[in-house]
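Next up: some structures, all given as C-alpha coordinates.
Both complexes below contain chain A, partnered by chain B and then by chain C.
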Partner chain A sequence: MSVRGETMLWIAQRASAVLLAVCVTVHLVTMTYAIRGGLSAVEIFARTRGSIGWLAFYTLFVVAVTVHVPIGLRSALGEWLGWRGRSRDMVLAAFALALGALGMRAVLGVFA
Partner chain B sequence: MGDGEIGTGNEASGAKLSVRIWRGARQGEFVRYQVPRHVSQTVLDVVTYVQRVLDPTLAYRFACRVGMCGSCAMTVNGVARWTCRTHVDKVAREGRLEVAPLRNLPVIRDLVTDMREFFDKWARAQGRFRGGATRHEDVARIRPDSAARMQVEAGIECIGCGVCYASCDVVARNPDYLGPAALNRAWTLVNDVRDIARTDRLRAVAGDAGCHACHTQMGCTERCPKNIAPTASIAGLKRETARAALRGEW
Partner chain C sequence: MRNHSGYWAFAVHRVSGIALALFLPVHFWALGRALEGAASLDALLAWTEMPLVKFAEWGIVLLLAAHFAGGLRILALEFLPWRDWHKSLAAAAAAASLAVGLAFALAL
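Right after this comes the complex of A and B.
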(Lines of atoms letter the chains of each structure in order from A and count residues from 1; the text may use other names and numbers.)
(Lines give C-alpha, C1' and ligand atoms only; values in the text may rest on other atoms or scores of the structure.)
Protein backbone atom coordinates (compact mmCIF):
# COMPACT_ATOMS: atom_id res chain seq x y z
CA MET A 1 0.00 0.00 0.00
CA SER A 2 1.20 3.51 -0.77
CA VAL A 3 2.32 5.86 1.98
CA ARG A 4 -0.65 8.10 1.19
CA GLY A 5 -2.98 5.12 1.48
CA GLU A 6 -1.54 4.22 4.89
CA THR A 7 -1.91 7.81 6.02
CA MET A 8 -5.54 7.87 4.87
CA LEU A 9 -6.17 4.66 6.83
CA TRP A 10 -4.75 6.36 9.91
CA ILE A 11 -7.05 9.34 9.39
CA ALA A 12 -10.04 7.02 8.88
CA GLN A 13 -9.26 5.17 12.08
CA ARG A 14 -8.97 8.36 14.12
CA ALA A 15 -12.17 9.80 12.65
CA SER A 16 -14.07 6.55 13.26
CA ALA A 17 -12.74 6.49 16.82
CA VAL A 18 -14.35 9.87 17.45
CA LEU A 19 -17.66 8.57 16.10
CA LEU A 20 -17.36 5.40 18.17
CA ALA A 21 -16.77 7.37 21.36
CA VAL A 22 -20.11 9.12 20.79
CA CYS A 23 -21.97 6.02 19.54
CA VAL A 24 -20.84 3.72 22.37
CA THR A 25 -21.75 6.33 24.97
CA VAL A 26 -25.21 6.94 23.51
CA HIS A 27 -25.79 3.19 23.11
CA LEU A 28 -24.80 2.32 26.70
CA VAL A 29 -26.71 5.20 28.25
CA THR A 30 -29.80 4.36 26.21
CA MET A 31 -29.65 0.65 27.04
CA THR A 32 -29.18 1.31 30.72
CA TYR A 33 -32.02 3.84 30.76
CA ALA A 34 -34.34 1.63 28.67
CA ILE A 35 -34.16 -1.43 30.90
CA ARG A 36 -34.17 0.51 34.15
CA GLY A 37 -37.96 0.45 34.32
CA GLY A 38 -38.12 -3.18 33.21
CA LEU A 39 -38.88 -2.72 29.51
CA SER A 40 -39.11 -6.04 27.69
CA ALA A 41 -37.47 -6.76 24.32
CA VAL A 42 -40.87 -6.60 22.66
CA GLU A 43 -41.51 -3.17 24.16
CA ILE A 44 -38.09 -1.94 23.04
CA PHE A 45 -38.70 -3.20 19.51
CA ALA A 46 -42.02 -1.39 19.50
CA ARG A 47 -40.11 1.85 20.00
CA THR A 48 -37.30 1.19 17.51
CA ARG A 49 -39.28 -0.28 14.61
CA GLY A 50 -39.92 2.31 11.98
CA SER A 51 -37.75 4.89 13.73
CA ILE A 52 -35.62 6.61 11.13
CA GLY A 53 -33.60 8.25 13.92
CA TRP A 54 -32.48 4.93 15.44
CA LEU A 55 -31.89 3.48 11.99
CA ALA A 56 -29.58 6.38 11.15
CA PHE A 57 -27.82 6.21 14.52
CA TYR A 58 -27.10 2.48 14.42
CA THR A 59 -26.15 2.60 10.74
CA LEU A 60 -23.56 5.21 11.66
CA PHE A 61 -22.42 2.97 14.53
CA VAL A 62 -21.96 0.01 12.17
CA VAL A 63 -20.08 2.10 9.61
CA ALA A 64 -17.72 3.35 12.34
CA VAL A 65 -17.06 -0.19 13.54
CA THR A 66 -16.58 -1.45 9.98
CA VAL A 67 -13.95 1.21 9.36
CA HIS A 68 -12.26 1.18 12.76
CA VAL A 69 -11.83 -2.49 13.63
CA PRO A 70 -10.10 -3.80 10.48
CA ILE A 71 -7.57 -0.95 10.53
CA GLY A 72 -6.69 -1.71 14.15
CA LEU A 73 -6.46 -5.41 13.38
CA ARG A 74 -4.16 -4.56 10.48
CA SER A 75 -1.59 -3.11 12.89
CA ALA A 76 -2.05 -5.92 15.39
CA LEU A 77 -1.53 -8.60 12.73
CA GLY A 78 1.57 -6.83 11.44
CA GLU A 79 3.16 -6.33 14.83
CA TRP A 80 2.16 -9.55 16.58
CA LEU A 81 2.24 -12.06 13.72
CA GLY A 82 4.48 -10.27 11.24
CA TRP A 83 1.70 -10.62 8.67
CA ARG A 84 1.97 -7.71 6.25
CA GLY A 85 1.38 -7.09 2.58
CA ARG A 86 -1.46 -7.62 0.15
CA SER A 87 -2.76 -10.92 1.54
CA ARG A 88 -3.38 -9.34 4.95
CA ASP A 89 -5.17 -6.36 3.41
CA MET A 90 -7.38 -8.58 1.23
CA VAL A 91 -8.41 -10.72 4.19
CA LEU A 92 -9.15 -7.61 6.24
CA ALA A 93 -11.20 -6.10 3.42
CA ALA A 94 -13.31 -9.28 3.41
CA PHE A 95 -13.53 -9.08 7.20
CA ALA A 96 -14.72 -5.47 6.96
CA LEU A 97 -17.43 -6.46 4.48
CA ALA A 98 -18.56 -9.26 6.78
CA LEU A 99 -18.64 -6.89 9.76
CA GLY A 100 -20.68 -4.39 7.79
CA ALA A 101 -23.11 -7.01 6.50
CA LEU A 102 -23.67 -8.59 9.91
CA GLY A 103 -23.96 -5.20 11.55
CA MET A 104 -26.53 -3.91 9.06
CA ARG A 105 -28.47 -7.17 9.36
CA ALA A 106 -28.78 -6.50 13.08
CA VAL A 107 -29.72 -2.86 12.52
CA LEU A 108 -32.44 -3.78 10.02
CA GLY A 109 -33.69 -6.43 12.45
CA VAL A 110 -34.28 -3.70 15.02
CA PHE A 111 -35.76 -1.25 12.49
CA ALA A 112 -37.91 -3.39 10.19
CA MET B 1 37.44 9.99 36.95
CA GLY B 2 40.80 9.28 35.33
CA ASP B 3 43.20 6.36 35.24
CA GLY B 4 44.50 5.25 38.61
CA GLU B 5 41.69 6.79 40.57
CA ILE B 6 39.33 3.89 40.22
CA GLY B 7 39.47 1.55 43.14
CA THR B 8 42.32 3.39 44.84
CA GLY B 9 40.56 5.69 47.25
CA ASN B 10 37.42 7.57 48.12
CA GLU B 11 35.74 4.23 48.68
CA ALA B 12 32.58 4.12 50.74
CA SER B 13 33.78 2.06 53.72
CA GLY B 14 35.07 -0.80 51.57
CA ALA B 15 31.63 -1.66 50.33
CA LYS B 16 31.35 -3.79 47.23
CA LEU B 17 28.87 -3.74 44.44
CA SER B 18 27.72 -6.98 42.87
CA VAL B 19 27.60 -6.38 39.13
CA ARG B 20 26.29 -8.75 36.47
CA ILE B 21 27.49 -7.83 33.00
CA TRP B 22 26.40 -9.38 29.71
CA ARG B 23 29.26 -11.19 27.98
CA GLY B 24 28.99 -12.49 24.44
CA ALA B 25 26.93 -11.39 21.48
CA ARG B 26 23.43 -12.61 20.70
CA GLN B 27 24.31 -15.75 22.57
CA GLY B 28 26.06 -15.21 25.84
CA GLU B 29 25.58 -15.01 29.59
CA PHE B 30 25.74 -12.63 32.51
CA VAL B 31 29.04 -12.75 34.42
CA ARG B 32 29.24 -11.51 37.99
CA TYR B 33 31.93 -9.08 39.19
CA GLN B 34 32.65 -7.46 42.55
CA VAL B 35 33.37 -3.76 42.20
CA PRO B 36 34.36 -1.34 45.01
CA ARG B 37 31.72 1.30 45.78
CA HIS B 38 32.65 4.96 45.55
CA VAL B 39 30.95 8.19 46.36
CA SER B 40 29.27 9.70 43.26
CA GLN B 41 30.14 6.59 41.25
CA THR B 42 28.49 6.28 37.85
CA VAL B 43 27.54 3.10 36.03
CA LEU B 44 30.18 3.94 33.43
CA ASP B 45 32.75 4.09 36.25
CA VAL B 46 31.70 0.58 37.25
CA VAL B 47 32.03 -0.81 33.74
CA THR B 48 35.36 0.96 33.30
CA TYR B 49 36.66 -0.57 36.56
CA VAL B 50 35.69 -4.03 35.38
CA GLN B 51 37.46 -3.57 32.06
CA ARG B 52 40.63 -1.95 33.45
CA VAL B 53 41.06 -3.97 36.61
CA LEU B 54 39.13 -7.22 36.43
CA ASP B 55 38.76 -8.27 32.80
CA PRO B 56 40.40 -6.32 29.95
CA THR B 57 38.48 -8.33 27.33
CA LEU B 58 35.21 -6.58 28.22
CA ALA B 59 33.96 -4.53 25.26
CA TYR B 60 31.98 -1.35 25.83
CA ARG B 61 31.67 2.05 24.19
CA PHE B 62 32.09 5.54 25.57
CA ALA B 63 33.68 8.84 24.57
CA CYS B 64 32.95 12.13 26.32
CA ARG B 65 31.87 10.85 29.79
CA VAL B 66 29.86 14.04 30.36
CA GLY B 67 26.54 13.37 28.63
CA MET B 68 27.27 15.00 25.31
CA CYS B 69 28.29 12.32 22.82
CA GLY B 70 25.59 9.68 23.25
CA SER B 71 28.01 6.75 23.07
CA CYS B 72 27.65 5.01 26.41
CA ALA B 73 23.98 4.03 26.59
CA MET B 74 23.35 0.57 28.03
CA THR B 75 20.58 -1.33 29.73
CA VAL B 76 20.98 -0.90 33.48
CA ASN B 77 18.80 -3.06 35.71
CA GLY B 78 16.44 -3.52 32.78
CA VAL B 79 16.19 0.15 31.80
CA ALA B 80 18.02 1.91 28.95
CA ARG B 81 20.16 4.73 30.35
CA TRP B 82 23.15 6.92 29.55
CA THR B 83 25.68 5.33 31.88
CA CYS B 84 28.05 8.29 32.23
CA ARG B 85 25.36 10.38 33.90
CA THR B 86 23.66 7.60 35.82
CA HIS B 87 24.77 7.36 39.43
CA VAL B 88 24.94 3.93 40.97
CA ASP B 89 23.09 5.30 44.01
CA LYS B 90 20.11 6.00 41.78
CA VAL B 91 19.80 2.60 40.09
CA ALA B 92 21.44 -0.09 42.24
CA ARG B 93 18.97 -2.37 43.97
CA GLU B 94 20.28 -3.78 47.26
CA GLY B 95 23.86 -3.30 46.11
CA ARG B 96 23.25 -5.10 42.83
CA LEU B 97 23.59 -3.89 39.28
CA GLU B 98 22.89 -5.63 35.99
CA VAL B 99 24.39 -4.11 32.85
CA ALA B 100 23.41 -5.31 29.38
CA PRO B 101 23.60 -3.94 25.84
CA LEU B 102 20.80 -1.77 24.46
CA ARG B 103 17.66 -3.57 23.33
CA ASN B 104 16.43 -3.51 19.71
CA LEU B 105 19.94 -3.34 18.27
CA PRO B 106 22.25 -6.20 17.18
CA VAL B 107 24.96 -6.91 19.76
CA ILE B 108 28.49 -6.87 18.38
CA ARG B 109 30.14 -7.98 21.61
CA ASP B 110 29.40 -7.63 25.31
CA LEU B 111 27.96 -4.12 25.81
CA VAL B 112 28.61 -2.85 22.29
CA THR B 113 25.70 -2.69 19.87
CA ASP B 114 25.69 -2.12 16.14
CA MET B 115 24.16 1.36 15.71
CA ARG B 116 24.11 1.31 11.90
CA GLU B 117 20.40 0.56 11.53
CA PHE B 118 19.61 3.25 14.09
CA PHE B 119 21.45 5.93 12.12
CA ASP B 120 20.41 4.58 8.71
CA LYS B 121 16.87 5.28 9.81
CA TRP B 122 17.79 8.93 10.44
CA ALA B 123 18.84 9.07 6.80
CA ARG B 124 15.66 7.25 5.72
CA ALA B 125 13.62 9.84 7.64
CA GLN B 126 15.46 12.55 5.69
CA GLY B 127 17.13 13.79 8.84
CA ARG B 128 19.51 15.98 6.83
CA PHE B 129 19.00 19.71 6.51
CA ARG B 130 18.40 20.85 2.93
CA GLY B 131 18.65 24.57 2.54
CA GLY B 132 17.74 26.64 -0.49
CA ALA B 133 19.66 29.84 0.19
CA THR B 134 23.02 30.71 -1.32
CA ARG B 135 25.96 32.59 0.16
CA HIS B 136 24.75 35.70 -1.66
CA GLU B 137 21.58 35.88 0.36
CA ASP B 138 21.28 37.33 3.81
CA VAL B 139 21.02 34.94 6.76
CA ALA B 140 17.51 33.92 7.72
CA ARG B 141 16.13 35.84 10.65
CA ILE B 142 14.10 33.56 12.89
CA ARG B 143 12.41 34.79 16.00
CA PRO B 144 13.33 32.53 18.95
CA ASP B 145 9.77 32.86 20.25
CA SER B 146 8.09 31.91 16.97
CA ALA B 147 5.94 28.78 17.22
CA ALA B 148 7.97 26.83 14.66
CA ARG B 149 11.32 27.68 16.27
CA MET B 150 10.03 26.67 19.70
CA GLN B 151 9.08 23.26 18.26
CA VAL B 152 12.62 22.93 16.93
CA GLU B 153 14.12 23.92 20.28
CA ALA B 154 12.06 21.26 22.05
CA GLY B 155 13.68 18.47 20.07
CA ILE B 156 17.03 19.75 18.87
CA GLU B 157 19.19 18.65 21.83
CA CYS B 158 19.06 14.96 20.89
CA ILE B 159 22.51 13.36 21.27
CA GLY B 160 21.65 10.19 19.35
CA CYS B 161 22.27 7.85 22.27
CA GLY B 162 19.63 5.32 21.21
CA VAL B 163 17.95 5.13 24.62
CA CYS B 164 14.55 5.99 23.11
CA TYR B 165 15.01 3.45 20.33
CA ALA B 166 15.88 0.73 22.84
CA SER B 167 12.88 1.67 24.99
CA CYS B 168 10.35 1.52 22.15
CA ASP B 169 8.12 -1.55 21.95
CA VAL B 170 7.01 -0.64 18.44
CA VAL B 171 10.63 -0.95 17.25
CA ALA B 172 10.74 -4.37 18.88
CA ARG B 173 7.58 -5.46 17.05
CA ASN B 174 8.13 -3.68 13.75
CA PRO B 175 11.79 -3.70 12.69
CA ASP B 176 11.09 -1.29 9.82
CA TYR B 177 9.75 1.40 12.17
CA LEU B 178 11.95 4.48 11.95
CA GLY B 179 11.90 4.97 15.71
CA PRO B 180 11.57 7.96 18.03
CA ALA B 181 14.97 9.57 17.45
CA ALA B 182 14.78 9.66 13.65
CA LEU B 183 11.20 10.94 13.74
CA ASN B 184 12.10 13.58 16.33
CA ARG B 185 14.93 14.72 14.07
CA ALA B 186 12.55 14.90 11.11
CA TRP B 187 10.14 17.01 13.16
CA THR B 188 12.84 19.56 13.99
CA LEU B 189 13.53 19.92 10.25
CA VAL B 190 9.84 20.10 9.31
CA ASN B 191 9.71 23.15 11.59
CA ASP B 192 12.89 24.69 10.23
CA VAL B 193 11.68 27.48 7.97
CA ARG B 194 14.97 27.46 6.04
CA ASP B 195 14.57 23.83 4.99
CA ILE B 196 13.16 23.14 1.50
CA ALA B 197 12.54 19.38 1.72
CA ARG B 198 9.39 19.48 3.82
CA THR B 199 7.13 17.62 1.38
CA ASP B 200 9.66 14.84 0.70
CA ARG B 201 10.37 14.50 4.39
CA LEU B 202 6.70 14.23 5.34
CA ARG B 203 6.31 11.47 2.76
CA ALA B 204 9.40 9.72 4.14
CA VAL B 205 8.09 9.66 7.72
CA ALA B 206 4.45 8.70 7.00
CA GLY B 207 2.89 5.25 6.96
CA ASP B 208 3.32 1.90 8.67
CA ALA B 209 7.07 2.26 9.10
CA GLY B 210 6.84 5.90 10.12
CA CYS B 211 5.00 8.12 12.53
CA HIS B 212 1.64 6.37 12.09
CA ALA B 213 3.03 3.20 13.66
CA CYS B 214 3.58 4.97 17.00
CA HIS B 215 1.20 3.76 19.72
CA THR B 216 1.90 6.72 22.01
CA GLN B 217 3.14 4.43 24.78
CA MET B 218 5.69 7.17 25.57
CA GLY B 219 8.55 4.84 26.52
CA CYS B 220 10.86 7.16 24.56
CA THR B 221 9.66 10.26 26.39
CA GLU B 222 9.89 8.50 29.75
CA ARG B 223 13.50 7.39 29.18
CA CYS B 224 15.08 10.20 27.15
CA PRO B 225 18.06 11.41 29.20
CA LYS B 226 17.81 14.85 27.60
CA ASN B 227 14.16 15.20 28.60
CA ILE B 228 13.04 15.46 25.01
CA ALA B 229 9.50 14.28 24.20
CA PRO B 230 9.76 12.36 20.91
CA THR B 231 6.13 11.35 21.39
CA ALA B 232 5.13 15.00 20.97
CA SER B 233 7.30 15.29 17.86
CA ILE B 234 5.71 12.16 16.40
CA ALA B 235 2.25 13.55 17.17
CA GLY B 236 3.22 16.68 15.27
CA LEU B 237 4.32 14.58 12.31
CA LYS B 238 1.02 12.69 12.39
CA ARG B 239 -0.86 15.98 12.12
CA GLU B 240 1.29 17.40 9.35
CA THR B 241 1.36 14.20 7.28
CA ALA B 242 -2.42 13.91 7.61
CA ARG B 243 -2.82 17.46 6.34
CA ALA B 244 -0.44 16.77 3.45
CA ALA B 245 -2.31 13.58 2.51
CA LEU B 246 -5.71 15.30 2.63
CA ARG B 247 -4.43 18.16 0.50
CA GLY B 248 -3.00 15.66 -1.99
CA GLU B 249 0.51 17.08 -1.67
CA TRP B 250 1.89 13.56 -2.28
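Right after this comes the complex of A and C.
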Protein backbone atom coordinates (compact mmCIF):
# COMPACT_ATOMS: atom_id res chain seq x y z
CA MET A 1 0.00 0.00 0.00
CA SER A 2 1.16 3.56 -0.76
CA VAL A 3 2.42 5.88 1.98
CA ARG A 4 -0.70 7.98 1.42
CA GLY A 5 -2.90 4.90 1.90
CA GLU A 6 -1.09 3.96 5.11
CA THR A 7 -1.51 7.52 6.38
CA MET A 8 -5.24 7.45 5.63
CA LEU A 9 -5.58 4.18 7.56
CA TRP A 10 -3.66 5.69 10.50
CA ILE A 11 -5.99 8.71 10.53
CA ALA A 12 -9.09 6.48 10.21
CA GLN A 13 -7.85 4.34 13.12
CA ARG A 14 -7.36 7.37 15.40
CA ALA A 15 -10.60 9.09 14.35
CA SER A 16 -12.61 5.90 14.91
CA ALA A 17 -10.82 5.44 18.27
CA VAL A 18 -12.02 8.86 19.45
CA LEU A 19 -15.60 7.99 18.40
CA LEU A 20 -15.29 4.60 20.09
CA ALA A 21 -14.04 6.19 23.32
CA VAL A 22 -17.40 7.96 23.54
CA CYS A 23 -19.44 4.96 22.36
CA VAL A 24 -17.72 2.49 24.72
CA THR A 25 -18.25 4.82 27.69
CA VAL A 26 -21.99 4.99 26.93
CA HIS A 27 -22.04 1.20 26.29
CA LEU A 28 -20.32 0.32 29.58
CA VAL A 29 -22.63 2.59 31.58
CA THR A 30 -25.79 1.31 29.80
CA MET A 31 -24.68 -2.31 30.20
CA THR A 32 -23.88 -2.02 33.92
CA TYR A 33 -27.27 -0.36 34.44
CA ALA A 34 -29.24 -2.73 32.17
CA ILE A 35 -28.03 -6.01 33.69
CA ARG A 36 -29.31 -5.11 37.16
CA GLY A 37 -32.09 -7.56 37.92
CA GLY A 38 -31.27 -9.64 34.83
CA LEU A 39 -31.72 -9.03 31.11
CA SER A 40 -34.84 -9.77 29.11
CA ALA A 41 -35.81 -9.19 25.50
CA VAL A 42 -38.86 -7.17 26.58
CA GLU A 43 -36.67 -4.89 28.68
CA ILE A 44 -34.17 -4.40 25.82
CA PHE A 45 -36.91 -3.75 23.26
CA ALA A 46 -38.64 -1.27 25.61
CA ARG A 47 -35.47 0.79 25.46
CA THR A 48 -34.56 0.42 21.80
CA ARG A 49 -37.69 -0.21 19.68
CA GLY A 50 -38.64 2.89 17.72
CA SER A 51 -35.95 4.96 19.43
CA ILE A 52 -34.22 7.13 16.82
CA GLY A 53 -31.63 8.14 19.43
CA TRP A 54 -30.50 4.55 20.12
CA LEU A 55 -30.69 3.74 16.37
CA ALA A 56 -28.34 6.66 15.62
CA PHE A 57 -26.04 5.76 18.51
CA TYR A 58 -25.70 2.06 17.65
CA THR A 59 -25.34 2.83 13.92
CA LEU A 60 -22.45 5.18 14.70
CA PHE A 61 -21.01 2.54 17.06
CA VAL A 62 -21.16 -0.16 14.34
CA VAL A 63 -19.61 2.14 11.71
CA ALA A 64 -16.74 3.06 14.07
CA VAL A 65 -16.16 -0.63 14.92
CA THR A 66 -16.24 -1.59 11.22
CA VAL A 67 -13.47 0.94 10.51
CA HIS A 68 -11.43 0.33 13.68
CA VAL A 69 -11.32 -3.47 14.01
CA PRO A 70 -9.97 -4.43 10.54
CA ILE A 71 -7.23 -1.75 10.72
CA GLY A 72 -6.16 -3.05 14.14
CA LEU A 73 -6.16 -6.65 12.88
CA ARG A 74 -4.10 -5.50 9.88
CA SER A 75 -1.26 -4.39 12.18
CA ALA A 76 -1.51 -7.56 14.28
CA LEU A 77 -1.43 -9.85 11.19
CA GLY A 78 1.50 -7.94 9.71
CA GLU A 79 3.62 -7.71 12.86
CA TRP A 80 2.86 -11.06 14.51
CA LEU A 81 2.21 -13.36 11.54
CA GLY A 82 4.20 -11.55 8.86
CA TRP A 83 1.10 -11.51 6.63
CA ARG A 84 1.25 -8.39 4.48
CA GLY A 85 0.26 -7.35 0.99
CA ARG A 86 -2.88 -7.50 -1.10
CA SER A 87 -4.18 -10.86 0.13
CA ARG A 88 -4.27 -9.65 3.75
CA ASP A 89 -6.06 -6.43 2.78
CA MET A 90 -8.64 -8.27 0.65
CA VAL A 91 -9.45 -10.69 3.48
CA LEU A 92 -9.73 -7.78 5.93
CA ALA A 93 -12.00 -5.84 3.54
CA ALA A 94 -14.29 -8.90 3.38
CA PHE A 95 -14.14 -9.16 7.20
CA ALA A 96 -15.07 -5.46 7.49
CA LEU A 97 -18.07 -5.94 5.19
CA ALA A 98 -19.26 -8.97 7.14
CA LEU A 99 -18.79 -7.19 10.47
CA GLY A 100 -20.68 -4.11 9.26
CA ALA A 101 -23.52 -6.22 7.86
CA LEU A 102 -23.84 -8.34 11.02
CA GLY A 103 -23.66 -5.20 13.16
CA MET A 104 -26.37 -3.35 11.25
CA ARG A 105 -28.53 -6.49 11.25
CA ALA A 106 -28.29 -6.51 15.06
CA VAL A 107 -29.04 -2.77 15.30
CA LEU A 108 -32.13 -3.11 13.09
CA GLY A 109 -33.12 -6.24 15.03
CA VAL A 110 -33.48 -4.32 18.29
CA PHE A 111 -34.89 -1.17 16.64
CA ALA A 112 -37.61 -2.44 14.29
CA MET B 1 12.16 -4.12 26.56
CA ARG B 2 9.76 -6.66 28.04
CA ASN B 3 10.33 -5.31 31.51
CA HIS B 4 9.13 -1.92 30.37
CA SER B 5 5.57 -0.91 31.29
CA GLY B 6 5.12 0.39 27.73
CA TYR B 7 5.67 -3.12 26.35
CA TRP B 8 3.03 -4.61 28.64
CA ALA B 9 0.60 -1.83 27.78
CA PHE B 10 1.19 -2.64 24.08
CA ALA B 11 0.79 -6.41 24.64
CA VAL B 12 -2.44 -6.04 26.64
CA HIS B 13 -3.81 -3.66 24.00
CA ARG B 14 -2.92 -6.03 21.16
CA VAL B 15 -4.25 -9.21 22.80
CA SER B 16 -7.46 -7.57 24.07
CA GLY B 17 -8.02 -6.08 20.60
CA ILE B 18 -7.72 -9.48 18.90
CA ALA B 19 -10.06 -11.07 21.45
CA LEU B 20 -12.64 -8.31 20.92
CA ALA B 21 -12.34 -8.68 17.12
CA LEU B 22 -13.17 -12.39 17.50
CA PHE B 23 -16.00 -11.71 19.96
CA LEU B 24 -17.78 -8.97 17.97
CA PRO B 25 -19.13 -11.09 15.07
CA VAL B 26 -20.56 -13.55 17.63
CA HIS B 27 -22.01 -10.66 19.67
CA PHE B 28 -23.68 -9.15 16.58
CA TRP B 29 -24.97 -12.53 15.42
CA ALA B 30 -26.46 -13.17 18.86
CA LEU B 31 -28.18 -9.77 19.00
CA GLY B 32 -29.46 -10.36 15.46
CA ARG B 33 -31.67 -13.06 16.96
CA ALA B 34 -33.90 -10.17 18.01
CA LEU B 35 -35.11 -10.23 14.39
CA GLU B 36 -36.71 -13.61 15.12
CA GLY B 37 -38.65 -12.12 18.03
CA ALA B 38 -38.46 -11.79 21.81
CA ALA B 39 -38.65 -15.55 22.46
CA SER B 40 -35.54 -16.23 20.39
CA LEU B 41 -33.58 -13.49 22.13
CA ASP B 42 -34.81 -14.62 25.56
CA ALA B 43 -33.62 -18.18 24.84
CA LEU B 44 -30.15 -16.79 24.23
CA LEU B 45 -30.32 -14.55 27.32
CA ALA B 46 -31.30 -17.60 29.42
CA TRP B 47 -28.18 -19.38 28.13
CA THR B 48 -26.04 -16.42 29.26
CA GLU B 49 -27.24 -16.99 32.84
CA MET B 50 -24.98 -20.07 33.10
CA PRO B 51 -22.08 -19.41 35.51
CA LEU B 52 -19.39 -20.20 32.94
CA VAL B 53 -20.97 -17.86 30.36
CA LYS B 54 -21.33 -15.16 33.04
CA PHE B 55 -17.65 -15.55 33.83
CA ALA B 56 -16.76 -15.27 30.12
CA GLU B 57 -18.94 -12.13 29.87
CA TRP B 58 -17.06 -10.61 32.79
CA GLY B 59 -13.80 -11.44 30.99
CA ILE B 60 -14.88 -9.79 27.74
CA VAL B 61 -16.03 -6.66 29.60
CA LEU B 62 -12.67 -6.53 31.37
CA LEU B 63 -10.92 -6.87 27.98
CA LEU B 64 -13.11 -4.07 26.58
CA ALA B 65 -12.24 -1.88 29.57
CA ALA B 66 -8.53 -2.70 29.17
CA HIS B 67 -8.57 -1.97 25.42
CA PHE B 68 -10.52 1.24 26.02
CA ALA B 69 -8.10 2.45 28.71
CA GLY B 70 -5.06 1.42 26.63
CA GLY B 71 -6.50 3.25 23.62
CA LEU B 72 -6.94 6.43 25.66
CA ARG B 73 -3.30 6.06 26.72
CA ILE B 74 -2.17 5.84 23.07
CA LEU B 75 -4.27 8.86 22.07
CA ALA B 76 -2.84 10.81 25.02
CA LEU B 77 0.74 9.86 24.13
CA GLU B 78 0.28 10.75 20.46
CA PHE B 79 -1.78 13.89 20.74
CA LEU B 80 -0.97 15.37 24.14
CA PRO B 81 2.45 16.59 25.34
CA TRP B 82 2.67 13.99 28.15
CA ARG B 83 5.62 11.81 27.06
CA ASP B 84 7.25 11.73 30.47
CA TRP B 85 4.11 10.25 31.93
CA HIS B 86 4.26 6.85 30.19
CA LYS B 87 4.41 4.82 33.36
CA SER B 88 1.70 6.71 35.19
CA LEU B 89 -0.51 6.50 32.11
CA ALA B 90 0.00 2.73 31.86
CA ALA B 91 -0.80 2.38 35.55
CA ALA B 92 -3.89 4.57 35.20
CA ALA B 93 -5.03 2.50 32.21
CA ALA B 94 -4.64 -0.74 34.18
CA ALA B 95 -6.43 0.72 37.20
CA ALA B 96 -9.29 2.08 35.11
CA SER B 97 -9.82 -1.26 33.35
CA LEU B 98 -9.78 -3.16 36.62
CA ALA B 99 -12.23 -0.70 38.17
CA VAL B 100 -14.73 -1.05 35.31
CA GLY B 101 -14.34 -4.85 35.32
CA LEU B 102 -15.00 -5.01 39.04
CA ALA B 103 -17.95 -2.64 38.80
CA PHE B 104 -19.47 -4.94 36.19
CA ALA B 105 -18.72 -8.04 38.27
CA LEU B 106 -20.40 -6.52 41.32
CA ALA B 107 -23.49 -5.70 39.30
CA LEU B 108 -23.80 -9.28 37.93
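Keep in mind that, in the parts below, the second predicted complex is superposed on the first by the 109 of 112 C-alpha atoms of A that agree within 3 Å, B and C clash if a C-alpha of one lies under 4 Å from a C-alpha of the other, contacts with A are read in each partner's own complex, and residues count from 1 in each chain.
Throughout what follows, contacts are C-beta pairs under 8 Å (C-beta built on N, C-alpha and C of every residue); 3 or more make two chains touch, one makes a residue touch a chain.
What you are looking at is a predicted structure, and each value in this text was computed from that prediction instead of being measured.
Within the superposed three-chain arrangement, the count of touched residues of chain A is higher for C, of the candidates chain B and chain C. Of the two partner chains placed by the overlay, only chain C lies in contact with A:Gly103; chain B stays clear of it. Contact with neither chain B nor chain C is seen for A:Leu81 once the two complexes are overlaid on the shared chain. Of the two partner chains, neither chain B nor chain C is touched by A:Ile52. In the superposed model, A:Val3 makes contact with chain B only, not with chain C.
Within the superposed three-chain model, A:Ile11 lies in touch with chain B and out of touch with chain C [touch as defined at top]. Looking at chain A, you'll find residues 80 touch chain B in one structure and chain C in the other. The touching residues of chain C, when paired with chain A in their complex, are 14, 17-18, 20-21, 24-25, 27-35, 37-39, 41-42, 45, 48-49, 61, 64-65, 68, 71-72, 74-75, 78, 100, 103-104, 107-108. Across the interface of their complex, chain A is touched by residues 170, 173-174, 203, 206-208, 210, 212-213, 238, 241-242, 244-246, 250 of chain B.
Chain A makes touch with chain B in their complex at residues 1, 3-4, 6-8, 10-11, 75, 78-80, 84.
Those residues of chain A lying in contact with chain C across their complex are 14, 17-18, 20-21, 24-25, 28, 31-32, 35-36, 38-42, 44-45, 62, 65, 69, 72-73, 76, 80, 98-99, 102-103, 105-106, 108-110.
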